[in-house]
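In what comes next, chain A is part of two complexes: it sits with chain B in the first one and with chain C in the second one.
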Partner chain A sequence: MNLRALIYGLGGVGLAILLGWLGHHFGSTTHIRRKIGQEPLAKASCFQCHFVSTKRLPWARPRPHHDSPAGLALSPDGKRIYVALDDRDEVAEADVASLKVLRRARVAGGPFGLALNPEGSSLFVACKNGDRLAVLETAGLTETGSLGVGLGPASVAFCRTAKGDRLVVANSISDDLSILSVSPLAELTRPAAGREPFAVTAMPDGSRVFVANRLVGLETLRTGPAAEITVVDPGTTRVVRRDTLDSAHLSEGASVVPARSWVLVPLVKVRNQVPITQVANGWVMSSGLAVTDLKSGEVIQMPLDEANDYFSDPSAVAVDPGARRAFVASGGSDVVSVVDLERLAKWLGRASVAEKQEAIYDLALSSEYVIGRIPTKRNPRQVVVSGDGSKIFVAERLEDTVLVADARTLQPLGRIVLGDGGQSDPIRRGERVFTSSAYTFQHQFSCRSCHPDGHVDGLSYDFDGDGIGDNLLDNRSLQGVAGTEPFKWNGKNPTLEIQCGPRFARVLMRTEPFPAAQLKDLTTFIQSLPPPRIARHAGDKLTQSEERGRAIFFATKTPDGKEIPLARRCVTCHPPPLYTVKLPFNVGTKGPFDSSAAFDAPHLLGIADSAPYLHDGRAQTLEELWTIYNTNDMHGVSSYMNKIQLNDLIDYLKTL
Partner chain B sequence: MNPGITLPALVAALVATLAPGYTLRAAPVADVPFPVIERFENLGMKEGMPSHKVHCVLTASDGKLWVGTYKGILVREDGKFRKIGTENGLSHPMVMCMAEDTRNGDMWIGTMRGLNRYSAGRITTYTQTSCGMPNNVVYGVDVDGATVWVATAAGLGEFNLKTGGWSIYDHNNTVMHEPWVYAVKSAKDRVFVGVWGGGILEYDPASKVFKEHRDPDRDFHFDLFPDDGPVADITSWIAWEDGIMWQGTYFGLSRYDGSRWRTWQEKKSPLIGNFVNFVWAHRRVAWVGTDRGLSVTDGNTWVNYRTNEKGEGVVEIARPGKPVESRGMETHLANDFVLGIWADDHEAWLATSDGLSHAIFSESQKPAATAAR
Partner chain C sequence: MIGWRQGRRLICETAVAGTVGMLTGAFGLPAHGTEPALVLTQTPRMAAVAPSKNPLDSRYPPGSRLVLAKPPFAAAHTRILSEGLTAAASPVVSYDGRMVVFAGKAGPDRDWQIYESTLDSGRPRALTSVPGGAMQPALLPHGSLVFAAPADAASRVPQLYVQGQGGKSRQLTFAPTGAADPSMLLDGRILFVSGRPSETRGVGAGTALYTVNNDGTEVMAFACQHDPPAFLWSPKQLNDGRVAFLVSADGNHAAPTTADCVRMARPFVSRSPLLPEAPVHIRSVRPSGESNLLVCAEVPPAADGQGAWACFRVVRTARSLGSPLFVDPGWNTIEAVEAVSSSPPLGRISTMEPAKRTGQILCLDVNDTTFRKEDRPAAKATRVRLTAAAPAGGLRVLGEVDVQADGSFMAEVPADVPLGFEALDQQGKIVRRELPTLWVRSGENRSCVGCHAAHNRAPHNHRPLAVRAPLPRLCSPPENALAGKAP
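The block that comes next holds the complex of A and B.
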């Protein structure tokens, strides 16, 4: 082949590629302009709308399952420990002396939280994915009863009251509590909790149950985000008090200390409205322990971190029977912090009111009462103390093990091995990266600190990459994001690798980026996350209201026959199956501090559980998108709708 | 007209009222089949009410007294009143109605701008823009299991506490004559809805069917054929207990037991006034708040409380077939314009346009349980 032919050949191929690209680009742009009724505000391709199938997405594919320990429960005699394995749909029983797993029972629906009756004969299991409470007889480790509860039951507490035995179940998705009678197993009432109730603990006399809620109340977002500790009288089935944790959230554990009349709740102190530049000053996120004094009603937030080293994602707390020590599992730091309660009580006894109020900001203070840090394997998420106070048991969730340590010497005694740790599974490896604070400045937080379970923390943040004090951005869920690229509200990150890569490290982590291998695992994990769960189950028929709402969603004309412009139809920007066209749009929501009017059209899968809404989280409910923030019908033509029609539309959106 | 009340009885009552020294202090009241009020203890602005107007009152299942006023709520606990207002998160100061979810103690509060859920100190507000509620003006609220019903100026709202979903019923999707809903009351397996100019709707949640009860003669002022249906279409309030529904209208009072209607208007019966603001049902007795005072009746015997021209309290007892017995009281209602009532076997509370009255019962009364069917 002569040189000229080679040049011509390569040139021809190059020209063909160029023409193909130009044709695709301009053809797609023209086609999309025609289809959406306006100029696309970003680069567009055929893949905005075509060749999109949820069946091919990573989260829809089968994935390996692991023996990840969730809830723990010790038998009254201390000889057996029960471990909830939600990813396996099993509950395991292990022998405390030999550290061997004795039996496993299949419990469908993601068994997550456990509680035993005082006799140890019945094990109550909150099945987070199945929206039910299962009852197992421990003698045969067989399921003998089941009752539907609210959505996402994450934990359960048993209470013996004068009015009979009661169970209090924290329904993390439906934001309520199921208060049940045990015999017969029946729901007595379902009072409202805070947002995402996650952990419950009961007074030994059954007089009170305390519920830790993960997210701040929507109503507190603008005035000062605050999560709630819900206090319930299980006998009367009433909520008797709601304590607030100011500027704090992500409480996933709770433990009563009857001897001191305390309730302990771990928390993340969050200052989401300061610019992210303040990560470098340690002002954005820190870990703490809320101490509720049941006599005075005071709730005091105490720091768990040290000035230059943080112990992120405090997930669980347990107290020894003598009320001498509390053990706090920090899931992001692979540590159990040991708090000397006597020292803590002394400090609280001598501190002024002002000192108590400021305590959480003084990271040097933890040295007064944190007397040890027990290293664990990956992602300690649950902790219990033996009845004699001699041992602690720590669920190392992403290691498939339960650590057993001496509660006095703080030395490890061994591990109950449930699985192989899943190191060969990139999704599991990615979850380890996702939940680890090893990559952030001073280990202040992990990805999970803002995205619990890959979802939202319900807050808006001031990222400084585009200026300080402006462009407040709502935290978007990572659940169901696979296939919805580009990412970010401005739609400028084409892949998760870029989203979570070096730029992210500079803007947020303030340290070195994730190593390449970990970044790949991380993005694999994120893409494996299915959309948020909703109340409707696959296969359920739409109700009449939902059907009417569906017709509105796909409507091309208003009821009086007027054509709805292409750019103002719901389905134009939110086409199925992902309900996003993956392009930015101006929907009239630009605020005074926003530098751009165009925002990425988010996917709508599981949108019912993703409040607040819009790019800056200004809409607390789906209704507000149209009743308050739909300027000139720019976010879909809705001005013709009456309230019944709007309710229908929202009912339909909640099924996606 | 109530056939038990004769013209001579009415004349006797009139004579007794106008005659000097009419009081019959020693007359026995033990034969009245429901409690008779012996005296009133009144609370006005001097005693801490935040406004003259008190719109609604109820005693919660934990014994706390809740008072809804023109300027917020007062809660009496341990003998002391505590105010809850917009400063605490209440969506609007003008409180129109309240209902308790007795399963968990949550109080649902209707205001001129939105519905509020008071739960252990936390107030959650529901408005027509933040949720699927039909309208911000909430005239009536009731709780039935996991359902909260709201009567609003633009239809009836059904809030499902388990799903968080709202359904709206109005003139677009029901037989409702117009969307201005004044009252709602759940009644076991039924829901009664008071529509301002549209009579009463009876809703069956199981079949999702609305049945309309309208005044057959369609005349506001005259009840041409008594007992043939609702006394009038202008429904101001609905009460229900023990199988009996009571309709308050601005033109009289109706009673419905599921098959038969009875109606009462002033002058034709002992009903103290046609302008009925509110009806409270306890057992089978209606406590009727009007613009002229309070009537209490089981449908046969009536006891009226009002204030005479001298500012003195008067009680009138109309027994079936007997002359009206009238006597003075040492105390009187805070105001005869009665807007809200709560009563049980032991006491009653009356919200009026100028203060709150606590009604102390005569010791000699039989409980209302013996009231005739």
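The block that comes next holds the complex of A and C.
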């Protein structure tokens, strides 16, 4: 080949690349303008709509599994501890004396919550991913029974009532409780709980079961967010009371204290309605412990943090049999806080009503009753106390270990090693970053504090992007975000690295950005999160209503034959398979304090479980999107729809 | 209570120290077990202190020096780190344990400036060249220098400045009563001492502890604002969850000085003597190892009738000093710090927008006066008058803003100007008043729970009405601002 030919060849290739780039850049913009009837408000490419496949996304790929301890249960004689390993589909049995794992049983469906009957002969396992309750005989550690329950069962409690043995299962996705008879294993009722029921605790006499719900009720968003403690009579299988935790949520644990007639529920005290001008002084959130006095009905929220140090993501609580101490595991801070219940009772006894109401706001109060902090390894999420009150067992979820500590001296005694910690897995490393509050000012919160399990906390926050009070933003799910860039409601962050990097540090962490290696692991973890689970299973056929809704979603004409403008069709901005065109659009939702009318078109995978909706969370339900906030038909032509058509459309959206 | 975070930090420090210890061995630091070397400030024992306008000259008379003392801490085996300087003081060891920064004076008529020396060579290098002098250095996580200036307090009250690698300094504080004695908290904030406004609930003069971010934002009361008047100085976070500081009845550092402490967990309600049975002449308290203290204090008079100042290592639970760790017959040892590496505090991205000349303030409820019941007036405030400290003294009025029905108010205010607040009732009468104390930086959005709200108090969760109302702009011309001047 001579030199001239080489130059011509290289020149030709370069010209082709240039023309291709120009064509792609300007052609795709023109194409999108023509196809959707709106000027793209961000840089567009062919990949907005074409060559998109969920099969290639990180969350669709196989990933390593780990021996992450979830639920714990101690045998009545204190010699054995059972550990749910949801990521392995196993339940492990360990010897408390030797701290050795004795055997493992395969339990399909993500075993998460555990409960034993008083004899210790039957182990009941809430399988969170399999939507079932499994029964294991502890003698052989074999599964002897199974029953389908609601969606996402996260915990189970055993109750011995006058009407027979009962199980109460918290179904975290379907927002209800499955109340079961044990013999025969059958579902008696399925009453509604609050939003995301997550932890269950029963009175020893079986008279009451208390259920901590993780998210605030949608109905409370306008008046003041509040999560629910659902109180159930397992004998009659009825809900007898619904207590509320004002401006508190993310409760993942509960423990009755019969000797004091209390129920303890750890909580995150959230301040989402206050502009985030700072994080100091618990301005965004702080941690607390709700004390429900069963005699008076009072629910008092007590702080767990200190004035200059915070103990984030309180996940579980356990009380010793003598009702002397409560142990609260803080998953973000790698610590178990030790609460002296006698001191707490004395404070409550001398405090006025007003002082009790204001207690949670006093960040210096916890020194009155928090007498120690036990350091743990990564992400303590469950804690149980031995029957004689001498030891506590803490599930260190992202370390694959169970810490055993002396409940009196608070000193560690050893660890049950379940796995290797998974440090070679970038997804696991990223989850460790995601769940750690070590990166935020005074350890106030972790990523998980607003995104439990990578999903939503159901709240909107007022970021002070440009001045105070002009930037109310709905918290979007991180589940299924891989491939849906750009990020942020204004679509200004092209990658997760930018979204989670300096911007996050400046606006929320109020520290330095994540170190580069941790940021890479963090984004790897986030991209590994699949979309939120929905009620239906793969392969399920659409119902008639869902089919009709599907036709509406993809419609190009109204039922009377009028053409729906391109820019007003659902599928224009929400094309499958991700149901987002990945561009910002003006859908007529600009509020008086918004600086822009264009908002990123979110993906719709798992949209049914992501309420509230719109960029500022103003729509509490999917219905409200069109019945209240689309009077101008800018967010899809919906004014022609009758009640049935709207229900059909929403039924279809709930299948995505 | 178990200081678990301190414990974890110390484990980390110990690991780092082990590594750096090998490195520092190459620089001549001790290989004497695990006991670290000490950097000491020494003043001549027999020096006559000439009267000086500069209090630093009185505290550190000519001949004051910095030395490195190695275990077993024999006075004869020290090495001078401030060679060539007339006086030196206030040592701070860098986080990698290899350098020491300190205040020094190159000649009798020269200003105090900040210097650095490597611990192996001891040849000082000037880091600042500030008119009026610079003093009391502290180090930000990435090596930027924080100091107070001017050192000559006669010219004007000192403020804190930060100086990066480029050598250009920026003013951090704008307190009318001055700011001094900076030191780093592990959470990344700068702890400092400032005078209390003289009208603060009638407690009169004195100083208290404050914090500010490394860009000058979020200035906040930390402790001792409402205690009986006293002069606090040299605050330092210890490794066990406490903050120690020195206390004297007046501003004269030669006066009897004790050491007090507060707990980070509840700084406003935990003040107590650090060493209840120690002598009343303490000049320095610094952390030592896991939870011990390095204390420099006066020992009982020797044969010559003169009291000497020595360094003590004191266990956390001790009530008195015990035996000295280091005594030098020819010198008073008045400050001591361990020559070890340490975990740097958290860093922080600035929230400032330098192009702006204003910031915004939001008060959630001006009528929240939960700090003390006696502060609660009968009348509720319906307007707030914002004032600013005028450079020539006195106050100037920036303007008035309406208080919303929920007690909230918001305003845009000039940056880097000390701001005061007067809560007015319907008749325009002042029901509460706060003299100019705090400031906002350019582009800073600053909030408070309420006027005279209790300290360490988190806000209620409600959306203040003020954020929905038009924003009052109280921005006077910038010529009155104190900002932007190099020291």
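What we mean here is this: the second predicted complex is superposed on the first by the 632 of 656 C-alpha atoms of A that agree within 3 Å, B and C clash if a C-alpha of one lies under 4 Å from a C-alpha of the other, contacts with A are read in each partner's own complex, and residues count from 1 in each chain.
By our rule, a residue touches a chain if its C-beta (ideal position, glycine included) is under 8 Å from a C-beta of that chain, and two chains touch if they have at least 3 such contacts.
Nothing here was measured: the structure is a model prediction, and the numbers come from that model.
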| item | value |
| --- | --- |
| Which of chain B and chain C A:D309 touches, first, second, both or neither | second |
| Which of chain B and chain C A:F441 touches, first, second, both or neither | second |
| Which superposed partner A:E342 touches (first chain B, second chain C, both, neither) | neither |
| Superposition-derived comparison: chain B or chain C, residues of chain A touched | C |
| Touching partner for A:D293 - first (chain B), second (chain C), both, neither | neither |
| First, second, both or neither for A:E137, with chain B first and chain C second | neither |
| First, second, both or neither for A:R241, with chain B first and chain C second | first |
| First (chain B), second (chain C), both or neither touched by A:E219 | first |
| Residues on chain A lying within both footprints (that of chain B and that of chain C) | none |
| Contact set on chain A toward chain B in their complex | 150, 174, 176, 188-192, 217, 219, 228, 230-231, 236-242, 535, 545, 620-621, 623-624, 627-628, 642-644, 646-647, 650-651, 654 |
| Contact footprint of chain A on chain C as seen in their complex | 1-2, 4-5, 7-8, 141, 185, 187-188, 218, 220, 263-270, 346-351, 360, 362, 364, 370, 410, 445-447, 449, 454-464, 466-468, 471 |
| Chain A-facing residues of chain B, complex | 62, 89, 103-106, 117, 119-122, 124-125, 128-135, 146, 154-155, 161-168, 170, 172-173 |
| Contact set on chain A toward chain C in their complex | 224-225, 246-247, 269-275, 277-278, 280-283, 286, 306-309, 335, 358, 360-364, 366-367, 370-375, 410, 441-442, 462, 464, 467-470, 502, 505-506, 510-513, 593 |
